[in-house]
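In what comes next, subunit A is part of two complexes: it sits with subunit B in the first one and with subunit C in the second one.
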Partner chain A sequence: MEPILSVKNLMVFFENALALNDFTMETGEGQITGIIGPNSAGKTTLMNTLSGLIIDMRIKERRRGGERITVYGQITYRGEDITEMTPVNRVKRGIVLCRERHPIFPESNVLENLRIAGYLKKRSRIKKIVNQAFDLFPALIHLKNRKAGFLSGGEQQMLAIGMALVAEPRLLLLDEPLLGLSPMMQQLLVEAIKVLISESVLTVMIAEQFARPVLPIINFGYILENGMLALSGTGKELMDNPEVKSAYFGV
Partner chain B sequence: MKKRKERIDRGIKVRSEDIFALTSYREMIYLLAPRALPVVGLLLFVPLFSPYWREIFISTAIYALLAISWDVLVSVGLISLGQSFFYGVGSYVAGALNHYWGLPPVLTLPVATIGGAAICTIALLPVLRLRGIYFSMVTLVLPLMILRLVEATRIFGGTEGLTGLSPFPGQLTEMYIANACLLIALFGFRRLLDSDYGLIVRGINDNDRAVMNAGLNIHWYKTQILFLGAAVGCFAGAFGTHHDMFAGMPGFALDYSIMPIAAAIVGGTGTFAGSVLGAFILVPLSEILRALGALRIVFYGLFLVIFVVGIPEGLFHYIRRKYHQFERWVDVE
Partner chain C sequence: MLLGTLIYGFVNSCLLALLAMGFNLTFGISGVANFSYGAIYIFSGFAAWIFLNSAGLPYALCVIMAIGLSATLGVLIYHVVIKRVKGLALSEVMATFGLGLAIMELFRYFDFVGFKYTLPNLIEGSVAIGDVYIDYQRIAVILAAIALTGFIYVFTHYTRTGLAFRAIAQDERTALTFGMDSDHIAALSMGFGSALAAAAAVVVLPLGTIAVEGGYDVLLNALAVCIVGGLGSTVGILVASVLIGYAQTITANYLEPHWMMLVSLIAIAIVLCIKPSGIFGHQKELEERI
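Right after this comes the complex of A and B.
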C-alpha cells in the first residue's frame, strides 16, 4: 500500500540539543499509528514538525534571538514534499494537529470554539461538521453555550479533538490526548477515536505516554526514547514485547 | 554530508558564571572590558568633546536615566507610558525648594529624588494592583492631568513656571554629576536584579501567582520597585531642572515618556545597559539629524523602524550574544 505520510531521516535541533535523531516512519491510509514514549522523548517535537508549527516557532525564536531550530530530513505527504510548507497550507491539505494540554479559546463558548476551528470551511458545511462533532462527543451538546474555559479537563480535551475534526482532517495528529484525564475519561476518548476511524476515511497518529489504553487500538507503533527510535512494530507485537511490558505495563 | 552551524558559549563565560575561576589576564580583561567601557567612556572620553556636544551628552544622560527608570518598572511587569510624570514631579519638587526656600542643588537633588519618588509612589499606589494596559493608561494620563492642573490653578508659577533657579557651578561639574549618577544607577540596578531580591522581582514579572504561592507579598515588592524606578526618574527631573534653570510645564511633556521607551526598545530591555546604549544612540542621532531640517523626524522614524525590524531583540542583547558565543560549522551525522 502506498503510504500517505512518510518521514525520512528527520532530525530536529533546538540550538545544540538534538530533539529528534534520524527518525524514519511511514503510515498508510486509514491506519492508526502510535508514537509512544516518555517525557522528553521528542513526541511533541515530531508532532510540531509534522504539522509545520516548528516553522513558526523557528521564525519567532530567530526574531527573539533565542534558540536556533534546525530541521533536516524529508516529510512526504501524498507524494508531495512538505518539509518546509507553512502550517496553513498543511491544514488545507488535510493535516490537522490537536495540540497537547487541550488548547481551546477559553473566552469563547463551546459552539463558537468549534466554529472558529472551521474557519477554512464554507458556512453551510460548518453546521454539518459541527453536528458530527457533537454526535461523536454527546457530552458536549448540553455544554454548547458554556464558556470553554469553565469546562473540565476531559471536556476540554473532547472539545479540542472536536475542533481538530471540524477542520476536516485526512491525517489527524493527536498530541497526548489522554494527558491529565481520569482512566474512565481516557477509555471514553479511546472509544471515540475508534468510532471515528471506523466511520470515515481518516488516518490518525497518536503521540502518547500512556501505552496501556493506546496500544490495543493502533495498527502500528513506534517507541521513541530520547529522540531516537527504540522499537517499532504492530500494536500486538509491541504489547507482547517483554521490554515494553516491563517499561509501560509494569509487568 | 550536511553541515550545521553550531553556537557555543565561550569557555571563559561558562567558568566565570559557575565557579568563577579566572586563570589569566586575558580572561580578566575579557570580563572587565565590557564593564570598563561605559565607565571610561562616560568619565574620560565624553568630557573631551566641545561644550556644544557636552550639552547634548548631558541631556543624553538624563534620557538614559529615564530609560533605566522605565526598564526598572518593566522588570517587575509594569509597563509605564509616563516617565514624564516622574520627570515632572522631580523637576517641580527641586524647582520649588530652590525657588521658594533658596535651597542649593546639593540639597534639592537628594530631597527631590526621595520626596518626588514618595509622591509618585503614593500617586500610583491605587493602580499598582492592575496589570498590563491599565497601569499604562493611568501613567499616561497622570502627567497630562497635572499639566492642566498647573495651568488652571496657576500653582508653581502656572504656565510661566519657576524661573531663575540656581545652576550647577560649571558645565564639567554638571557633566560629571550626571555621568556618575548614571553609572551608579546602571551598575547598581544590574547588581540588584542579579541578587536574590532581583530573582523575586523577575519572578513577579514571569508568574505573579507562583510568587504569591511562595508566600511573598508581591504588592509590597512592586511598591518597592516602583519607588526605586520613580526615584531614578525624579532624580533625572531634578537634575534637568537645575540644568535648564527652569521648572515648568514642559517637564510633563510627552517627549520624556516616549524617548526613554524608544531608547530601551532599541537597546534591548531587561539589562539597563541596553537602555543606556539606546539613549546614547538615539539622542545624539536626533541632534545630528537636525541638519536635515524638516525631514529630521522622517529619517528618525525610519531609523527606529529599521532597528526594531532588524534587531528586534535589542542591540545590547545582540552584541552580548556575539561577545559570549562563537559559531562553527559541524557535520550532521
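Right after this comes the complex of A and C.
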C-alpha cells in the first residue's frame, strides 16, 4: 500500500542542539500511529515539523534574530514533498495538528472556539461539523457559551480535539492529548479517538508519553528517545517487548 | 447648563468612542501595537483636504479615497515596519510611535499649519433640544459612533476574519494550526484600524481644524479610553468613553476648560494604580482563576 505520509532521514536542529536525529517513518491511510517517548524525546518537535509550525517558527526567529532552526530530510504527503511548505497550505491539504497542553482560545467561548477552528471552511459546512464535534463530545454541549479558559483540563482537551475535527483533517496529529488528565478522562478520550477512526477515513498520529492507554489502539508505533528512534513495531509487538514493559508499564 | 452638559457630554463620549474604535481593533483586539494611530488620523484628514481643495473632487469621493488611502497606509506600515519587530512588544511600540512622529512632523515641515485646513460639515445646520442648540455634525458623530460600535461587535464575533483577529491575539501558534496566516491577518487588522481612524477623522475633523497637534491628542485619548475600559473589550470602550467623556465635559463647563486634557491623564493614572487591566479587562479574570 502506498503510504500517505513518509518521513525520510529527518533532522531538526535548534541552534546546535539536535532535537530530532535521522528519524524515518511512514504511515498508511486509515492507520493509527503512535509516537511514544518521555519528555524531551523530540515528540513535539516531530509534530511541529509535520504540521509545518516549525517553518513558521523559523521565519519568525530569523526575523527577530533569535534561535537558528534547521530542518534536513524529506517529508512526503500523498506523493508531494511538503518539507518546506507553510502551515496554512498543509492545513488546506488536510494535515491538522492538535497542539499539546489544551490549545484553546481561553477568552472566547466554546462555540466561538469551534467556529474559529473552521476558518478555512464554508459557513454552512462549519455548522454541520460543529454539530458532529458536539456528537462526539456531548459534555461540551451545555458548556457552549462558557469561556474556554474556565473549562477543566479534560473539557479543554475535548474542545481542542473537537476544534481539530472542525478543520476536517485527513491526517490528524495529536500531540500529547492525554497530558495532565485523570485516568478516567484519558480512557474517555481514547474511546473517542477509536470512534473517530471507525466512523471516517482518517489517519491519526498520536504522540504520547502514556503508553498504557495508547499502545492497545495503535497499528504501529515508534519509540523515541533523545530524538532518536529506539524501537518500532506493531502495537502488540511493543506491548510484549520486555524493555517497553519495564520502562512504560513498570513490570 | 445642566441639559447642555448632559447633551455635550454625550457628544464628547461618542467622539471618544469613535476615536478609540480603530485603536482598539488593532491593538486591543488583534494585538498589533499601532502607535502611529494619531498620525494616520491626521494623514487621512489632510488627504481628504487635498483631494477636495487641490484636486477639486466631490466631497463624498474624497472621503472614500481618504479612507482607502489610510487603509493602504496601515497595511504598508505593517509590512515595512511592524513585521520586522513582530513579537517584541516594546520594539513594536517604539517603531510605530517613531513613525507616527515622523509622519506628523513632516506635515508640519511642509507647512500644513493654519486655519484654512478644515473639512466641510456633512450636513449644515443645527437643531434645538430644549434651549440647547446642537449642530447636525455633532449628531453625525453620535450616529457614526453607534454604527461603528455595532459594526465592530458583529465583525469580531460573527465574521471569519474578525474571529481570526481575536484568535491570533490569544494564541498565535494554535491559530496557525487552523490555517490562519498571522502576517496576513495582522496586516488586515492594521488596514481595518487605519480605515476606522480615517472614518473617525472625516466625521470629527469638521468640528475644528486639521492640526498636527490633533494627532497627539487622538493617540492620547484613544490610549486613555482603551486603558480605562480594558484592552480589547468593546463594552469597556463604551463605558470608558462615557466616563471620560462626561468627566471632560464637566471639567470644561464647571471648572476650567484648559484642564480638560488632564482628565484622560488622571484617568489613566488612577486605573493603572487600581485595576491595571482596565474596568472590563478580562485577561486578569482568567489569570486569577487559573
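One rule holds in what follows: the second predicted complex is superposed on the first by the 251 of 251 C-alpha atoms of A that agree within 3 Å, B and C clash if a C-alpha of one lies under 4 Å from a C-alpha of the other, contacts with A are read in each partner's own complex, and residues count from 1 in each chain.
By our rule, a residue touches a chain if its C-beta (ideal position, glycine included) is under 8 Å from a C-beta of that chain, and two chains touch if they have at least 3 such contacts.
Nothing here was measured: the structure is a model prediction, and the numbers come from that model.
Asker: According to the stated criteria, A:Lys92 is in contact with first (subunit B), second (subunit C), both, or neither; which is it?
Answerer: After superposing on A, A:Lys92 lies in contact with subunit C but is clear of subunit B.
Asker: Just subunit B (first), just subunit C (second), both, or neither: which does A:Pro103 touch?
Answerer: second
Asker: Taking the superposition on A as described, I'd like to know which of subunit B and subunit C A:Thr70 touches: first, second, both or neither.
Answerer: First partner only, subunit B.
Asker: Taking the superposition as given, does A:Phe249 touch the first partner, subunit B, the second, subunit C, both, or neither?
Answerer: After superposition on chain A, A:Phe249 lies in contact with neither partner.
Asker: Can A:Glu15 be said to touch subunit B (first), subunit C (second), both, or neither?
Answerer: Touch status of A:Glu15: first partner only.
Asker: So which one touches more of the residues on subunit A, subunit B or subunit C?
Answerer: C
Asker: So which positions on subunit A get touched by both subunit B and subunit C?
Answerer: 63-64
Asker: Which residues of subunit A touch subunit B once you look at their complex with the stated criterion?
Answerer: Residues 11, 13, 15-16, 63-65, 68, 70, 72 of subunit A touch subunit B in their complex.
Asker: Considering only the defined contacts, which subunit A positions touch subunit C in the complex?
Answerer: 51, 53, 56, 60, 63-64, 86-88, 91-92, 96-99, 103-108, 112, 115-120, 123, 147, 149-150, 163-164, 167
Asker: Which residues of subunit C touch subunit A in the complex?
Answerer: Contact set of subunit C toward subunit A: 83-88, 157, 160, 163-164, 166-167, 170-171, 173-182, 282-283, 286, 289-290.
Asker: Give every residue of subunit B touching subunit A within the complex, in rising order.
Answerer: 2, 4-8, 312-313, 317-318, 321, 332
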